[in-house]
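Note that the chains take the letters A, B, C and D in the order they are written out, and that residue 1 is the start of every chain.
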Amino acid sequence: MDFEGILQQIATDMQAETERGTAAGYIPELASVDTNQFGMAVALADGRSFAVGDSHRRFSIQSVSKVFTLALALGRLGEDLWRRVGREPSGLPFNSILQLEHEHGIPRNPFINAGALVVTDAILAGNAPREVLGEILRFVRAAAGDDDIHIDDAVARSETEHGDRNMALSHFLAAHGNFENSPELTCGTYFHQCAIEMTPHQLAMAGRFLVGSPDLPSMISRDRVRRINALMLTCGHYDGSGDFAYRVGLPGKSGVGGGILVIVPGRASIAVWSPGLNRHGNSKLGTLAVERFAQATGWSVFG
Amino acid sequence: MDFEGILQQIATDMQAETERGTAAGYIPELASVDTNQFGMAVALADGRSFAVGDSHRRFSIQSVSKVFTLALALGRLGEDLWRRVGREPSGLPFNSILQLEHEHGIPRNPFINAGALVVTDAILAGNAPREVLGEILRFVRAAAGDDDIHIDDAVARSETEHGDRNMALSHFLAAHGNFENSPELTCGTYFHQCAIEMTPHQLAMAGRFLVGSPDLPSMISRDRVRRINALMLTCGHYDGSGDFAYRVGLPGKSGVGGGILVIVPGRASIAVWSPGLNRHGNSKLGTLAVERFAQATGWSVFG
Amino acid sequence: MDFEGILQQIATDMQAETERGTAAGYIPELASVDTNQFGMAVALADGRSFAVGDSHRRFSIQSVSKVFTLALALGRLGEDLWRRVGREPSGLPFNSILQLEHEHGIPRNPFINAGALVVTDAILAGNAPREVLGEILRFVRAAAGDDDIHIDDAVARSETEHGDRNMALSHFLAAHGNFENSPELTCGTYFHQCAIEMTPHQLAMAGRFLVGSPDLPSMISRDRVRRINALMLTCGHYDGSGDFAYRVGLPGKSGVGGGILVIVPGRASIAVWSPGLNRHGNSKLGTLAVERFAQATGWSVFG
Amino acid sequence: MDFEGILQQIATDMQAETERGTAAGYIPELASVDTNQFGMAVALADGRSFAVGDSHRRFSIQSVSKVFTLALALGRLGEDLWRRVGREPSGLPFNSILQLEHEHGIPRNPFINAGALVVTDAILAGNAPREVLGEILRFVRAAAGDDDIHIDDAVARSETEHGDRNMALSHFLAAHGNFENSPELTCGTYFHQCAIEMTPHQLAMAGRFLVGSPDLPSMISRDRVRRINALMLTCGHYDGSGDFAYRVGLPGKSGVGGGILVIVPGRASIAVWSPGLNRHGNSKLGTLAVERFAQATGWSVFG
């Protein structure tokens, strides 16, 4: 397959797109990012990798980090994690607090904010945020095979300053007895994990642990790989997950920084980045680009 | 792979299960079905098929019929269908009316009742219910390669007598301008489509058109196969869809008659039937059986 | 008190108002009503009455009829009625179906549509709609002391043709076992009761039975008068009830025909009519007019 | 009227009641209060006052304090307050966060927790909590004509320790731009205001400013008196407000400490206290006692 040609064509097409969505507006650091940027990278199971566009520019991975913390939490707590968080699509926006009230403080899944806060709270478990953030970074670096991955402190600070919604979710979870650490500590850790910066190339490399290929170094069991992929497919794009599954047909996890990590089980890890978002908070061009990629390669988990 | 041995082991295990769920209680015809029954059938892409237990006993396919009517509606309307129904998990029970009020009468997806009513309404399109039901039956029979598939009139009548909830959904859709026929006509057609009777063996055979194998006769395009599978995975088990994807890792569609149709893209169509339901309205042992089957075969769309 | 002067001033002020709201749009018969019309009438406990503007023009009383059917239902069923309907403000629009789903088909109060349908269903109780409508008309005529009060058949027919939302509510109530008659029969009766035509003068006269004055002929017990007034104050204007209580300080019941019946306990019954509605479905100028009247007279139940 | 006899009879009846509700359980200080206690006091417009039972025992007024802070906030901001909070019944429990999400952070009314936090935040307005609490206490003491009214610091501390739900509401309001001070400062002030201790006698005396009698010293305008009474009637008992209006027919405000302040416009201020609560969080015997009192006196705002 001519991966270079496919990626090149996609990059050209994306450059021509005029409706590029809007950058996340809730913190200045993200709001000011140029939406003309676009980068995409593919890491294949056979070790080859391809990239195009701004594939070596760092961006804020934001909620894509939830995939890594989920893997860590499952590694530490195993299936006990599911006592504190569900695994159903929520049918609601990423930052909604509605279901928590009726569902006794158990978030629907680990990829909406409330669920991701519970996951981070579970990893934190009384440890110092600094230590836990070190562990998260070590995991991401090991997955990517690249130590040059860091947290953008300015973004983390800004998230903290504008973090009322996540603080509200955290206090609400605490009120239901589903929080072990103080909202300040867990939110602080969460804001820093979201502020990890990576390039599309680094993210594609880091995603290889979810490809489940015998040719790739394995960091978690095959069973767990499948289950995280299942969660990415059903819940990875919030209330746009069904549409992503319909159009792209592959598990993916988006972040409001404009990044999406997409897994082709057994074949490849794909990262795409373009900062303009659609109305569900997922990268507009990023979604379109992986849809085109899936069409061009014929790759789909659905047949 | 020893499919016979795998199915035999599953049947033995299921026979030993004591917590078998509860049969659907809203009509006498379903409520009185013996929950000790269990049947399972597998139709492989290579033409072989295997079955175990009550695999030749007829049951009411109920909401599994939504897969066939969706295929028909997409065939007739194409992507225009999505103006009238979404493709997102609802996060709510199968018969909920809540989202319709806020979302202008556009059901979240074609597998919850409101969405399936819109699909049937779209197929009906001014035609006589009798004709449209004939068309649905022809499609199912052709897919199964078996003409001995019929509607259970007693079940259809009983559904009509207890059909207030679906009549409410239909009038609500009509109030939002998302209904072309009278609620009586569309609900009448819908109640009959749900009352189609099939054996697990017949259902497994009928599901082969979604396997997307070059070895099987194709009734719809490969692209459409993938998309229906995507919808089955994200929405096929109502507010238990995420859990089914997590545990089983395969697209499936359940019915309150206790049947589940499961697709292994490129490999097989599986039908399982056991009338006891879990709290989401999906077959309790049926879900467990396909989970065991997926474990035994190692089949999963997720790696 | 110079009631004539007060009414005259209000009518002059209302004539000058340019923002008059919008007539109800769901049936042509109401949509085409001229929003420049305004009429107001006051019937005092001492027998005197005053009127101004279009006070002798007939309008469709619509939901104001719910006050009369509630009085009838309480007369027939007594406190047993409250097994089928609550008496709490709903906090939601008049035609919402949301709470019914979570609250087992028990409508919040008798003045939202779902609750009023239950009340009419309770009065109907197996009788012929024609008989029950006769009873309702007799009650209204007796209250008004005026036999020239009738149902507008064209409005009733049009309501029936556009009655999907109320049919949906009725089937939903039936699905929860909170309906005794068929949705067609109860809705048919309800649409006709809403199509009663009265003049503001007639409505003010008909409201006297809720004034609770020893000088007026009593149709229901004083205790029941108080309780209906309490329900009018907390629930009579749907999700605008709190605002009406705050601004006007008197119990009232509105209808989408633009009429409002307002009770000043011990003193007077007031009817106002102007067809333009505010966003809650209550008469815009009608609300303003009774607010002015309350200010001018100093009448309020709150001190 | 024989007020002493009426109160005595009520106290005797209440003593005999076996179903006394349950004390608020969320902080130990309230959970441990003896539910056998009952006290009631009436302050008449003519200056006389009557009391019975534990009418000189101090209890935590909790949400009854919202009446005093609302009066203060209206005094300071006037009608501008309504830009930040509505005046509609919410139809939901006192501590619900649901409506805030759909309604842009504008609480439905000033008596649910979210609304009361906005009111306290508006009074705080950058001042030191200590100063504002001093002002609230001065207002309450002046209203009661009694300087022996204080804050129970142990209760305030305990509320702070268990204050996650109110902190969640506050951060949520802040996320919507409807908070001027930090959640910590406003919640801190709010927890202290709720921890004011009063006896039923003191509370009845303090409520006189809402009676609107020319014979009583006026602290706020008559217009404002009426409007606060209107809000108490429609919203003073959360999602039990409609029932209270129906049964009692008088404006009232309850607190989870078991106190209720009830106003008879032009006639009297009534305070009742019994710590056991009904399912809406309102005093079970307190409600019953004022219902009996209203029956015995014939007092009602509704005729």
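Here is the rule we go by: contacts are C-beta pairs under 8 Å (C-beta built on N, C-alpha and C of every residue); 3 or more make two chains touch, one makes a residue touch a chain.
Just so we're clear, the structure is a prediction, and the values are computed from it rather than from any experiment.
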Chain-contact steps, minimal, separating chain C from chain B: 1
Target chain D, source chain B, minimum contact steps: 2
Computed distance of Cα centres, chain B from chain A, in Å: 32
Distance from chain C to chain A - Cα centre to Cα centre, in angstrom: 54
Chain A and chain D: spacing of chain centres that average the CA atoms, whole Å: 47
Chain A residues counted as touching two or more neighbouring chains: none
Touch relationships between chains, expressed as pairs: A-B, A-D, B-C, C-D
Interface residues, chain B side, partner chain A - complex: 86-92, 99, 108-109, 210-212, 222, 225-227, 229-231, 233-235, 239-243, 245-246, 249, 251, 263, 265-266, 300-303
Residues of chain B that touch chain C when the two form their complex: 96-98, 101, 164-165, 167-172, 174-175, 183
